[in-house]
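Structure incoming, see below.
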Amino acid sequence: MNTYGTHFRVTTYGESHGLAVGAIIDGCPSGLRIDFEAIDRDLARRRNGAPRQEEDRVEWISGIKDGTTLGTPIAFSIRNNNVKSEDYDALQHAFRPGQADYTYHTKYGLRDHRGGGRASARETVARVVAGALAKQLLTPISIMAEVDALGPDLENDTRGGIVRCCITGLPAGVGEPLFGKLNAHLAAAMMSIPSAIGFEMGAGFAAALMPGSQYIDRWNQTIKHSNNQPITQTNHCGGIQGGISNGMPVEFRVAFHPVATLPQPVECLTEEGALTSIDVGGRHDRCHVLRAPVVVEAMAAITLADLML
Amino acid sequence: MNTYGTHFRVTTYGESHGLAVGAIIDGCPSGLRIDFEAIDRDLARRRNGAPRQEEDRVEWISGIKDGTTLGTPIAFSIRNNNVKSEDYDALQHAFRPGQADYTYHTKYGLRDHRGGGRASARETVARVVAGALAKQLLTPISIMAEVDALGPDLENDTRGGIVRCCITGLPAGVGEPLFGKLNAHLAAAMMSIPSAIGFEMGAGFAAALMPGSQYIDRWNQTIKHSNNQPITQTNHCGGIQGGISNGMPVEFRVAFHPVATLPQPVECLTEEGALTSIDVGGRHDRCHVLRAPVVVEAMAAITLADLML
Amino acid sequence: MNTYGTHFRVTTYGESHGLAVGAIIDGCPSGLRIDFEAIDRDLARRRNGAPRQEEDRVEWISGIKDGTTLGTPIAFSIRNNNVKSEDYDALQHAFRPGQADYTYHTKYGLRDHRGGGRASARETVARVVAGALAKQLLTPISIMAEVDALGPDLENDTRGGIVRCCITGLPAGVGEPLFGKLNAHLAAAMMSIPSAIGFEMGAGFAAALMPGSQYIDRWNQTIKHSNNQPITQTNHCGGIQGGISNGMPVEFRVAFHPVATLPQPVECLTEEGALTSIDVGGRHDRCHVLRAPVVVEAMAAITLADLML
Amino acid sequence: MNTYGTHFRVTTYGESHGLAVGAIIDGCPSGLRIDFEAIDRDLARRRNGAPRQEEDRVEWISGIKDGTTLGTPIAFSIRNNNVKSEDYDALQHAFRPGQADYTYHTKYGLRDHRGGGRASARETVARVVAGALAKQLLTPISIMAEVDALGPDLENDTRGGIVRCCITGLPAGVGEPLFGKLNAHLAAAMMSIPSAIGFEMGAGFAAALMPGSQYIDRWNQTIKHSNNQPITQTNHCGGIQGGISNGMPVEFRVAFHPVATLPQPVECLTEEGALTSIDVGGRHDRCHVLRAPVVVEAMAAITLADLML
């Protein structure tokens, strides 16, 4: 299904090589004055270094009048201008390694059906627009992501990396104790981003190997938040206790595996089961992680808007 | 909310210090012959080394007749016998560090309401029963979790650790491309387990730092699965491509932070904002990770049953 | 699926001829002081004239402490004491006319699976308990249903009838404009009651044949509700405009077809396709409509609790 | 919320006086060859006699390639060309009788927010497109609705009426026994149509007053459906038993109240609580029931597509 969220719901549509991509945002309250330039800035961050440069002009179809939300569903559309479908002809009957070619073929029979254009990172443009709007709704909560680590920069190869995200200004009390834990929602949101392969809150995997006396975030007696919330000396838990935000910054990291489309010939599996070397070419990123922070922010913002409405 | 799943739905109930805990499983098909001993074995694994030893006798209330599922909702109940509520008297007006005391108090006002007994790991007993039943439904798919690493074993301290899970026999094609990725579902399921603080598929965070040419799982030309599915030389992706299982084993790891209740006095925060040293006592695990694998298996099984029905 | 509601969620379980019936109520706020006698009174209304007289003793398993809700899931159970399964032996391979025998057989293969005990009106006992609790949550809103019309009282036959329900004290503003109209929710709730065959708001089918100038509910200039809401001279719309309550009483009627199990032999269809006369016997109502008002109230209360939380 | 359905999900957007209306259809399988002329024919039926004549040209944005569905979300858009907003200026601070003016004002504060354009029957154009597509998906099931009765045709007044719908070719087994009864789904779908005020299956309210011996649909021994399903001598139940289709035609009726906007001055309530006579004018139907059958068909088709996927 192509919908994310329960109260602030984003339903995306559009194939990478089709007419347009876009979404309907349902559940956005009325009266929000939209900062369209901020949305464009996030779209520019998403294009950062991408070989396929799109104009990414957003057409707002419904739900906004005179720059202000009406409370009705917000539909928007972004035309695809820069499409070179012929790049993919060589792959019509072969499965690349490390890609979703084989899984889509197995699930849907025809790769173009559901997969194809939808699997492409092009779909994230709709998430970025919805996320940028969600960020404005969440003001003054701040959501900032940045590249934390990158894989090696080698000739003729691709890179992965790790993105760190920090949410400040989130009040204590967001999230639910059982299946609706804030960290569970964030984990699902982040793992839904193409190439995401790992997620950790606060000290994460390192925390698992600390002694408890080192791990626990002890109270800080003297210093408090401006809003009188208590603060802790460390933030190993990443701002969430028992699934619920505790008022400290919510901090997490997302690992992205390297781009699977290598800039070199790779052995592909034909439908008949043979291996054949193909040079995929196409206009693929060598390091998509540079473009990932704004997508991480978008999914975090949509998740929080959904939980806080 | 206390329901997990869409088609195979588990709704748990019961406070740690109340009459009973249990669940309703809705959506289980009719005609499944239940192996009750296998369920008891999983319950015994969950009690592994726990200071609070319960009998964990499951009363099956509905949905099963002559040992076989009817297709109607399966309700079950497990009485709480071994309750020592007085252990907690000292904590009525103080927030322990590293615990959900403060977040529950902030969210619900009264800590006992929603929090209290529900936050306790006691609730996982219902997940284990539902998961054991889901595993039987998924036969011949195998779900096996085990402790992969433990924190240091120190005098007077607690330990965390990492659990590794491997699912074999899962056919290619499970999961959806966008928000319903199999890895996103598994991440949310695992992060909903108490103390979980990190999740990674396959090579996970290490994959983020590999060059792409090392990361991608290349096709293995000569060897195939018995069911004629192609296999790969490595499994860095953890058996999922583009959110959909590829027929290789699904492998993931879950990091658990150390038990936050230390076997030593800790500085607690009073409701008035002062710090006070309290020796929590109680019958708490020093290393709950030993009991976690069966809970990881249960949540994985419930997740797969939900996606495959 | 056996769950009703989104925010105030009732999941029922139990077969008519099994150990017990009951439900989990998820989403009930904490701090509600339960009037257990009021619940028992509603259960007595539901037993009104029923040939199968049950004790209907509710065992409260979780979610309530010292008579007050905790905010955690409320699980309850009602044992079945008065079961005579042998009454049904003659029907094992024949489909009664006017019953769900054939549809369940077609859908589930085996009639006992899902159907059997679940289809029985016995299941409504769980709805009545959940509804009685929802009514207390909705105080001071009042929900009152009564028999409005009955079919003829003939020797050796069964009767249907119409139940009228009136909800007073509901504020204006409940319901949503599109698919979540209050009348749409109420219609689905009522049609989910066994034997319901028609639903109308306010003047209903008669309104369809009125001229518009007669139909529209004109404003009453001089009289107002105590809470300063405007009132109308008539209430043909049944208190809902555009899917949203307008502050006038919400009024609707539900038609129930006669009990399909006649107290006389009927031609049943065998699995082989032949007709055979069977005297079903069993302890069936001749006029279940007498017991329906409290079920109508229960479903209305659960629906409102769900929409207003 | 603006989404209808679980597996075949329709999310509509667009204000009556905005740029466009449309929807995303999510869950439509791949490989369906679209008959665009059939969709246009249904749109023409919806315009039947309407004072506001739109061109209703559908722009297909995604999910369809070369006239065939891809399995990805189908987004479409229909521009609003014929908008005369100034007609409504007189109503900015007054509530018409029999309309949703007051309820929207109470719920949303500002009438244009959520209400306004969304409440208009203009929104049903998106339902008709989605329904026309659902009908094609359901082939060879046939869904036919027609006007069954009309209110009196008086000078200077408006009319309501009753629409009858008959679904043939639906196999036995569609629907669920408890809350997911087919009749409950249909009731909610129909009551979500603007002006719907009553719903009945088969003999409906008349059935409530029949003796049981007359009501029950007796088996017909000698005649069978071509597909060997048994048939009944009558169809008082409307083709549904116990919430599940029985293979007979599914028959139901929907009552629509008269258009509430009269072609004569009416007393409106000002925000200050006074009454004032206003001649609403505008281009309103005097008898919208003539346009309702295709909307009834659309909602029935979407409901069935959702239940049968």
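Chains: A, B, C and D, in written order; residue numbering restarts at 1 for each.
One rule holds for everything that comes next: a residue touches a chain if its C-beta (ideal position, glycine included) is under 8 Å from a C-beta of that chain, and two chains touch if they have at least 3 such contacts.
Not measured: the values here are computed from a predicted model.
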**Prompt:** By label order, what chains touch chain B and chain C together?
**Reply:** none
**Fill in**
By Cα centroid distance, the chain farthest from chain D is B
**Message:** Could you classify the chain A-chain B contact as same or different, where same means more than half of all interface residue numbers appear on both copies?
**Reply:** same
**Request:** With chain centres taken as the means of their Cα atoms, state the distance from chain A to chain D in Å.
**Result:** 37
**Message:** Nearest whole angstrom, what separates the Cα centre of chain C from the Cα centre of chain D?
**Reply:** 25
**Prompt:** Counting in whole Å, what is the centre-to-centre distance of chain B and chain D, each centre being its mean C-alpha position?
**Reply:** 44
**Prompt:** What are the residues of chain B that contact at least two other chains?
**Reply:** 1-3, 12, 114, 118
**Message:** What's the contact topology between the chains, one of line, ring, star, complete, other?
**Reply:** ring
**Asked** Contact residues on chain B for chain A in the complex?
**Response** 1-4, 12, 95, 97-100, 102-104, 106-107, 114-115, 118-119, 123, 149, 151-152, 154, 157-162, 172-173, 175-181, 183-192, 194, 196-205, 207-213, 215-219, 221, 224, 230, 232, 236-238, 240-247, 255-260, 262, 264, 266-269, 273-275, 289
**Request:** Provide the residue numbers of chain C that touch chain B in the complex, in ascending order.
**Result:** 1-3, 9, 11-15, 18-22, 24, 26-27, 30-31, 61-63, 65, 70-75, 77, 108, 110, 112-114, 116-118
